[in-house]
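Note that the chains take the letters A, B, C and D in the order they are written out, and that residue 1 is the start of every chain.
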Amino acid sequence: WRGFREYSNKRLDIAGIYPPIATPFTQDGGVDYRSLDENLQKYSTIPFRGFVVQGSNGEYPYLTTEERIQVVKRVRQTLPQAKMIMAGSGCESTLATIQMSESMASAGADCVLVVTPCFYRGRMNSSALIHHYTQVADSCPVPVVLYNVPANTSLDLPVDAVVRLSQHPNIVGLKDSGGDITRISLIVHKTRTQDFQVLAGSAGFLMAAYSVGAVGGVCALANVLGQQVCELADLCTSGQWDKAKELQYRLIEPNTAVTRKFGVPALKQAMEWFGYHGGVCRSPLQPLSEVEIKELRTDFSSDGWL
Amino acid sequence: WRGFREYSNKRLDIAGIYPPIATPFTQDGGVDYRSLDENLQKYSTIPFRGFVVQGSNGEYPYLTTEERIQVVKRVRQTLPQAKMIMAGSGCESTLATIQMSESMASAGADCVLVVTPCFYRGRMNSSALIHHYTQVADSCPVPVVLYNVPANTSLDLPVDAVVRLSQHPNIVGLKDSGGDITRISLIVHKTRTQDFQVLAGSAGFLMAAYSVGAVGGVCALANVLGQQVCELADLCTSGQWDKAKELQYRLIEPNTAVTRKFGVPALKQAMEWFGYHGGVCRSPLQPLSEVEIKELRTDFSSDGWL
Amino acid sequence: WRGFREYSNKRLDIAGIYPPIATPFTQDGGVDYRSLDENLQKYSTIPFRGFVVQGSNGEYPYLTTEERIQVVKRVRQTLPQAKMIMAGSGCESTLATIQMSESMASAGADCVLVVTPCFYRGRMNSSALIHHYTQVADSCPVPVVLYNVPANTSLDLPVDAVVRLSQHPNIVGLKDSGGDITRISLIVHKTRTQDFQVLAGSAGFLMAAYSVGAVGGVCALANVLGQQVCELADLCTSGQWDKAKELQYRLIEPNTAVTRKFGVPALKQAMEWFGYHGGVCRSPLQPLSEVEIKELRTDFSSDGWL
Amino acid sequence: WRGFREYSNKRLDIAGIYPPIATPFTQDGGVDYRSLDENLQKYSTIPFRGFVVQGSNGEYPYLTTEERIQVVKRVRQTLPQAKMIMAGSGCESTLATIQMSESMASAGADCVLVVTPCFYRGRMNSSALIHHYTQVADSCPVPVVLYNVPANTSLDLPVDAVVRLSQHPNIVGLKDSGGDITRISLIVHKTRTQDFQVLAGSAGFLMAAYSVGAVGGVCALANVLGQQVCELADLCTSGQWDKAKELQYRLIEPNTAVTRKFGVPALKQAMEWFGYHGGVCRSPLQPLSEVEIKELRTDFSSDGWL
């Protein structure tokens, strides 16, 4: 079975670039599976390691449990087997996360990406998070990737918790979207004996992350400029740092535009410009204003992408 | 029909004190309906205006959709009709919130309490939140109460959005847990022509909130010291401010202990000390440490409550 | 000697309203002492308890050591003896604060207002701050008032430090500008045996602060609407809470405009509108933009003050 | 004249490593010039580009104006001419900063490091900061280096302000201590046509900063492990990234310990362990507790430095 490696000696290798895919919706608000297929087919010429399904950019908090699973199933059917599916299965409660992880695995996920629970963030200390992730990893039929995204959760998974969790045989890595390069370096350093893999959570610091030992990235921008993000990864892994630097520079502003600055509506808007199906978000996410669209376009054009 | 007043001339009066009830769980992790009943019966001698079911203290993010509805049904069956049920129906998406609000109304809620969606907080500006709440209120069979709780959501519902939403005939008030008394005063001031009702979201600033025009409170501490919180409200509404002040002082430390300082696990621990069923929280919320329990006890005993 | 009470049995009574006066500057950038005099003369008909000289609104970080002392001297010369001078003497180092406090006392200050040092805020824990204030109070020839202003210092003087410091015979009170009414209530409660006096640091929550036991306020808005702020204080101390509430409401927006929203440049602009000398700030503080001036005017006119 | 280049065609080259030197004090609290000399002599064998005098680690907010200038003079006398002196001359007001910059230049500084004014941070927008720095640079006899240190100032110098200021002929670079590698990359990218030089403000992200185009670093840790920080810089500039990475890893924990985690008292404690004069800080900075000292030692020993 693809991806299954429970307590085997060799960890699942998750190195490479993944777009955290957007979820297209139809006019009447349902998931637009046809558009999803077409996006995936368009991505097929790009050397992605795989796809993150139900990351923050997939609007997973706005999908029902059934939709979350169904989307993973559809992506599995459409993709060639060689492409990895990393499915977002995080929920607020430990039990719901365990159940969702099992459903994701059954639906064809090669591994699951588990965001930190955060509603009661005042109580989500190292101890609580270690307990949560250990229970999830113990029962999960596929490997677990930790997911730290403070911009959405207002919480940082403590380094000591990551180090401790890296020793769990079914926890293979961490996606870190915080952008604190010192933290990322330290995590790589402190988990080296564990064959633990760190993925940059954004294209904005992808090269810096590779330079300190990350092995890949989950990059919203790869939904739009996938070939370029993969090329940047290639330049880094082949040690062509000067060329990498030039490309990295030109990806920062478009990346910020579709993430921190304007968020998912901007990602979907930019996808339209580059020939993908983006479309609208589910409410309460609103479309960009005219002014925002203009600024978004500038953020791409000033670096020569539009 | 109790509570139904769609587009009538008179708004639902929500003045008074509400405990946001905790959800007891059985040994095997299910909702403990018997303990829930017993808590409600014990509360029956206290002059509460009603009960908030599925507020933050009810661990609603850890309940399934079915459990959320079922708990409201059970509370409705147990409570006398005169007691108001304000049910938390907020979800991240507008559609899910609409559906949950309808379910809550069908289950017997007199009104619904709708927390600000917050996962994509960078995009949750006034415009998005006005849109969200308007859609929810348009379709909701019972009145809507806005719910601002920045400690959990890392988001403040902007004052201008509250003012705008106060004009909606089916939005009757706001529960504000932020504790910014200037903001609460301003909201009362700017919504006065709308018969809009503000509830303090904590016992820590209940008297101050009354002094500037709030009409009640949803207070975690009322789960433990319900009689005292109601007495404080009485002293305020009857203008006995000096007596109110003395009582208010003694409620601050216990209140902070069961909210910001130690959270829901402390609330449930303190409920046990005062003869209610508290018990454990669902994971990932962990029980208090020995040191925390000791400090919690001091926070009650130093003000003479234990 | 006015104000001197070192280790006497009775603390200096600091109850009442104080404007933290602005510092007018001449065309060539020097302190405009003549305009300062004229402002003070205009204030003489208002029942202020006294004046804060070198608070945040006085642009003290932009004055030289000599200017800071000279301004206090001039105010002392101009004011009748019955009016209290509370002089801001806080510096980053303990030694500099001790020296400045002595200079202020010699220049005629009745008491000194000592802001929390904050540059190394990561190390400014309770212990360091207790040490700092104790040393200052030990050597200061006039009483000390603690000053907590997190908007400028990004630091909150911990409650336990305030409680401990309230036991010092030469520390008579606290000006708290943070606006956290629960915190203010708790401080009043925990320091009651010490005859410790709390002043609200803003007109926005003045009534609420009085309701929980504060004895006065240092209010930027009192530079502009001094009579009204004093009237609000009177309504509070005489128990006319309903009238107080109506007046409090109308002061919130103008207050926010001249403090958190637009800062000192707005305070000085509004002073001009109300017949005082405001003028420009020292650089790097810039004048308001046209748009900001218009909005500032609205914030006064919408509540009927312009 | 060393360093003087006003409006010449070639900017002052500031590439390389600088320790922001600590200020030793005597038993009676004065500046300990003899210990300062001895530290500098001990540093003479390390290939530093120069020294930052009166950075945050020099406790400059606790020095008098005269001491700040005198320390620069003494360092100039002690150092060989080839070593650059970058003197911290930032004050809150523009005028004071101009005067201090002139004094620093007269005292022998090759360039000045100007921290963002921050007390009125709500008004310190791009426009105000551009105005401030332009006035300072216009009049300064030596080149100006911008200084962004949000941990102390709670303010981020906006990228657009940096880009605009990079066009000033007398502003040669930026020291950025924030550690946001995406921001550093973007600043290098957007200022490339200006021969603008970026220095990492900490050893924790020194290698990552070099990888994206920084030309050096001002590193507190270089006061303790100077040879190692210079070696890391060498490995980066000579393209030996794999070796650099290994060394970088081992510097993160000691670096965090003497900066964000325990601050200047820890830097001075560690200096003692490595044969330099550290000693006590001025009040209100307190010595480390026993527990902190133990943890500090572990942060050095776990990476093999003690």
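Keep this in mind: a contact is a pair of C-beta atoms (placed from the backbone, for glycine too) under 8 Å apart; a residue touches a chain by one contact, two chains touch by 3 or more.
Computed from a prediction, not measured in an experiment: that's the story for all the values here.
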| query | In the touch network of chains, how many steps separate chain A from chain D on the shortest route? | reply | 1
| request: Could you check if the interface between copies chain B and chain C is built from the same residues on both sides, meaning over half shared, or from different ones? | output: same
| said: Need the most distant chain from chain D, centre defined as the mean of C-alpha atoms. | reply: B
| task | Calculate how many whole Å lie between the centre of chain C and the centre of chain D, each centre taken as the average of the chain's C-alpha atoms. | result | 35
| task | Quick one: report the Å distance separating chain B from chain D, using the average Cα coordinate of each chain. | result | 50
| request: For this assembly, give the contact graph shape among line, ring, star, complete and other. | output: ring
| Who touches whom among the chains? | A-B, A-D, B-C, C-D
| note | Touching chain D in the complex, chain A uses residues 179-182, 185-186, 188-189, 202, 204-205, 207-208, 211-213, 239, 241, 245, 248-250, 252-253, 256
| query | Tell me, which parts of chain D touch chain C in their complex? | reply | 29, 56, 61-62, 64, 92-96, 117, 119-124, 127-129, 131-132, 135, 151-152, 154, 260, 262-265, 282-286
